[in-house]
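The chains carry the letters A, B, C and D, assigned in the order they are written, with residues numbered from 1 in each.
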């Protein structure tokens, strides 16, 4: 035990020695890098590392080289807090995370408390994928900025899309039985009532999280209900199995998903899903954009041939960080946070605004369609995501009221 | 009506897939007293091996060779691993297989990556066989049904009509006697473990492409297989069969019931405004096996058709 | 004075097999009673029925006048009946002292308490020492039970059985598998340990039986064919017939 | 025969033996716990130590079941989680301060709330579960764990859904001058409770029930014939184990200030099983060693290798196969041999074994590390000591096969020498 303790001490010391020096700006990437959600986290880390290289090639942030350090949180909120402490001890002041609203929630709380208890050592949390609307509403924090559109905003896009398709007369909502699945279902019901009162909701179903092995019975129920479209917030195997079962049963109408494009899903769904599965996201790589963006995608996929360009928001996030730091003239998180509020920027797929009132980014969204033989395929397959102009939803349309009452520190 | 027909069909097919997994587990348990925690991992190995073999040759080769490969891996595990632990008792064996499940998962992730692999239904079977009440029925499902039934028949013939089967049957009811019959017990153990794993592998071959082949399919399927074996009665193949079909039907039927607890228990004053009242039967469907498991172990610890208590 | 044990028309069947077929037996207090019979006669089953391991199919078992048939073993034990086993049935990973101490606990009213330090219960320690000394195990008190030589394990088996101070003691083949000298030691121990108590013993060694027992019952095919003093049993023609003359002649 | 007036030999160990065997180790442990802050650990180290404290109590409580009562549970985290949830709810009540009781309840005492919650959960769930032992008990524990884990996402009011329930530990009356804010304050809280838990659970082994628990583990049948009901014994031990697990949950609630439904899932249940078993279930200190080592592996090893779960699996299987006594078994085995003076030959053999294990491990590590880098797609290359190892490099295969084969050969040879038959 002594041996272990001294080894631990030695390890801890080495961390202290590694602490941040003046000319690097370290960003802690706290996400799963092992276990079931490992692939998502790894893919995210690669995007951030690539974005950091981009900034460094451009002279860094206020002259400091950016370094992204990965911390494996095993999608466990408690383990995330241990990793957060490790990151803080290494002198890291910027934290990036995305997988799991439970983790994000724990980090928001912990960082809020840390910043209150340790003035002068504030940490900033830049959220790239945790989409629970609460984070920019009742649970909002000055120390948290979100670069993904939240679940309600995405549902705005989805329901706009449904309302624009008069052939869809009824929808079936199915989701995982936990807070996120319930929130998605509630938002869909609420927004459809307003935007498309003529669309009937013929089913609203919850199933336990990651426990269903065979979705056929659910699909049969959906088909029997005569629905014209499925809306689901499912992710992971729950999403893939649902899609596969639906297609096998001859379902040929839209399946509107949040996470149809997540890592590994395309392979699992296969060709049969073409034209049916839709995903709402801030990027569709086959949608025309600037040559710089085209080049960025090409370079990324060349550097990481196993991965596809997916987290465009990682680039948005890093560039906002860079711009805010330059505007503040400092890499100090408090100053950067103030500078980031209300900041605007032109992105590859439209204008971006970081709202001041709740720290939520406003960005254009797409309802992409899983298609055959796109210019850019995913996962080495001749399959990928396409979108047309009619699938493009403007940022303003996704803007929502907020209940956020933010406590700001003294400048 | 259509709900009943579909639920029946789906329930039976799902049940048969469960039986493929649980029959191997039951065989191993009844011969060796080992509850193989890693059984679902062998199911996963079957799917991955089938993916590799299909890539190199064709699905039909995979259908035969992948289970054999899995069986060989299983036999190796028994020979070099489990046998060593045997002397330390059943808890040690259970823990060994628990660790093994961990290990197989991790190795699969390193060799095949963490994402799903592109193991798909062969084209010859990838078409809708018939349309029933507006929903298509995929041919592959019916193929699964056939493979499962063929395996069931083969297993039955093996057990009831061959000498090896007689020994196994003797071991089911009198586990301590086999050693006295002058048979090479370590050899029998290794074979049974291998065959049991091969059956799981076969389930992986036909289930992996229908569902998803990814490193988490074992953890997905694992607990439910135990439930089947315990409910059916440890060591009873008939019990495993009945329990598999029962669970398959129960789960598929429960999905189609929209009633909530408030509807069912409204008469004792459970309101739909409460948290419990809002839960529907369909929502609960995947949890039913575990409820049944706990219930069965209280009421009838031997399981439905088990001959002996543990 | 009531009898220590009264067994009336006791029957036990496993499926179609009748193992105990209407046994009647009365054992007065303080008697040393031996049950003999060929293998498979149902001696151990009889013990199991009396001690509560199995519930009788029908019939009654009374301990000090109180019906105990079908009761859980631990309830029977608390009423003052304790038994040993044919195969050593001890707490293998615990030391000899701990084994005996477990046997002592209930009789000293320790219950399932988790608020007392067992080490500071003086009466428990003293009684444990006393039993160990009686059984000649005091030198091995701190040896793990599994490491004891066979004869000592049998002695420990008896020590656990008598530790609770039960008034009725059932011993199931206490000398099985022992050498001559070990058997002599065991018999001496049994005599000493059961002084003033009611003893019922199943035993194959006829020397031990005829030495120790006040009365003997002969059990054949689940029925008692004879009960009497050693002398009566020795001369009973039915017993001779049942034993095909072999064992009784050997013993004589 | 029961002549109680006679003086019998006092078999209890002497006072000094008791001191060296029982009191001193605990004092040393407490001393270590007190000394650590003076070594000036970093905050990372503090938070790691705090997690270790939680895991030590949790693993010890698990061993009350597996090691001391022979009950293999796959669902022990249920009690840890439910206890922790009770504690974190209490924390929010302290923060709200609406009821006078909770307003005056110090956060320092929250592990007691966890203790009560764990005991209550154990009493309710244990009543049916403990009617069975052995494999059925293990299966019931698995089923219950699955049910509770699913309920964790269904019942929002208690479990708080995916985001769980969070609180703030800097409320309520401060005890011992600890504001509970900084991690150093939390360390003293942890130090107090880990020693309290350790003493409590050690004391439990010394009670009649603790002894009966061991007797039930060894031979439940015989327990019936000394006047006790093994089902009752198991049930009471189960409640006690649940209570201490709940206490660990309460410590965890204060440490993280949040509880999420993952806490009741199968993953922590499996983890605590591995902690206890790797440490050694046959020894009281075993789970402590296991908790320290595995906490360290979980939080630190994942920085160095993404295959840490694989190494964990290899470690666990090796312990099951070759050292069922766990780490504690190895340590005590070494100590025992050293004391008995048969050092020469034995040390040589152990030296050989250690060399064999290290060699085989080196080969395995090269294989695993090269493979993970090959498969994860970062395009990294395993470069230990400036070597450039890929699968196309023949040197890689040499470094995999040679040490592994040599290690296995040494081990086989040694085991043959040991056991010529």
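Keep in mind that, in the parts below, contacts are C-beta pairs under 8 Å (C-beta built on N, C-alpha and C of every residue); 3 or more make two chains touch, one makes a residue touch a chain.
Keep in mind that this is a model prediction, so the values were computed, not measured.
Each step here moves to a touching chain, and the least such steps from chain A to chain C number 2. Comparing chain pairs B-D and A-D by the number of C-beta pairs in contact, the larger count belongs to A-D. Distance from chain D peaks, on a Cα-centroid basis, for C. We define each chain's centre as the mean of its Cα atoms; on that basis chain B and chain D are separated by 31 Å. Averaged C-alpha coordinates put the centre of chain A at 36 Å from the centre of chain B. One simple way to say how far apart two chains are is to compare their mean CA positions; for chain C and chain D this gives 43 Å. Residue positions of chain D touching 2 or more other chains, listed in rising order: 150, 154, 156, 309, 376-377.
Residue positions of chain C with contacts to 2 or more other chains are absent. Looking at chain A, residues 38, 42, 177, 208, 211, 306 sit in touch with two or more other chains. Contact between chains, as defined at the top, is found for A-B, A-D, B-D, C-D.
Chain contact summary for the complex, chain C toward chain D: residues 51-53, 72-74, 77-78, 82-83, 85, 89-94, 97-99, 101-103, 105-107, 110-119, 121, 123, 125-130, 132-134, 138, 141-142, 160-161, 163-165, 192-193, 195-196. Across the interface of their complex, chain B is touched by residues 36, 38-39, 42, 177, 205-208, 210-214, 216-221, 223-224, 237, 240-241, 244, 248-250, 263-265, 267-268, 270, 306, 379, 381 of chain A.
Across the complex, chain D meets chain A through its residues 36, 39, 41-45, 47-48, 51, 150, 153-154, 156, 161-164, 166, 168, 170, 181-183, 252, 256-258, 260, 262-263, 267, 288-289, 292-293, 296, 298-300, 302-303, 306, 308-309, 376-379. Touching chain A in their complex are the following residues of chain B: 2-3, 6-7, 10, 14, 109, 113-118, 120, 128, 131, 133-138, 140-141, 210-212, 214-216, 219-221, 224, 251-252, 255-256, 280, 282-287. Every residue of chain B that touches chain D in the complex is listed here, in rising order: 35, 81, 84-85, 88, 90-92, 94-96, 98-100, 102-103, 105-107, 109-113, 223, 226-227, 230, 234, 275, 279, 283, 286-287, 290-291, 293-294, 297-298, 301, 309-310.
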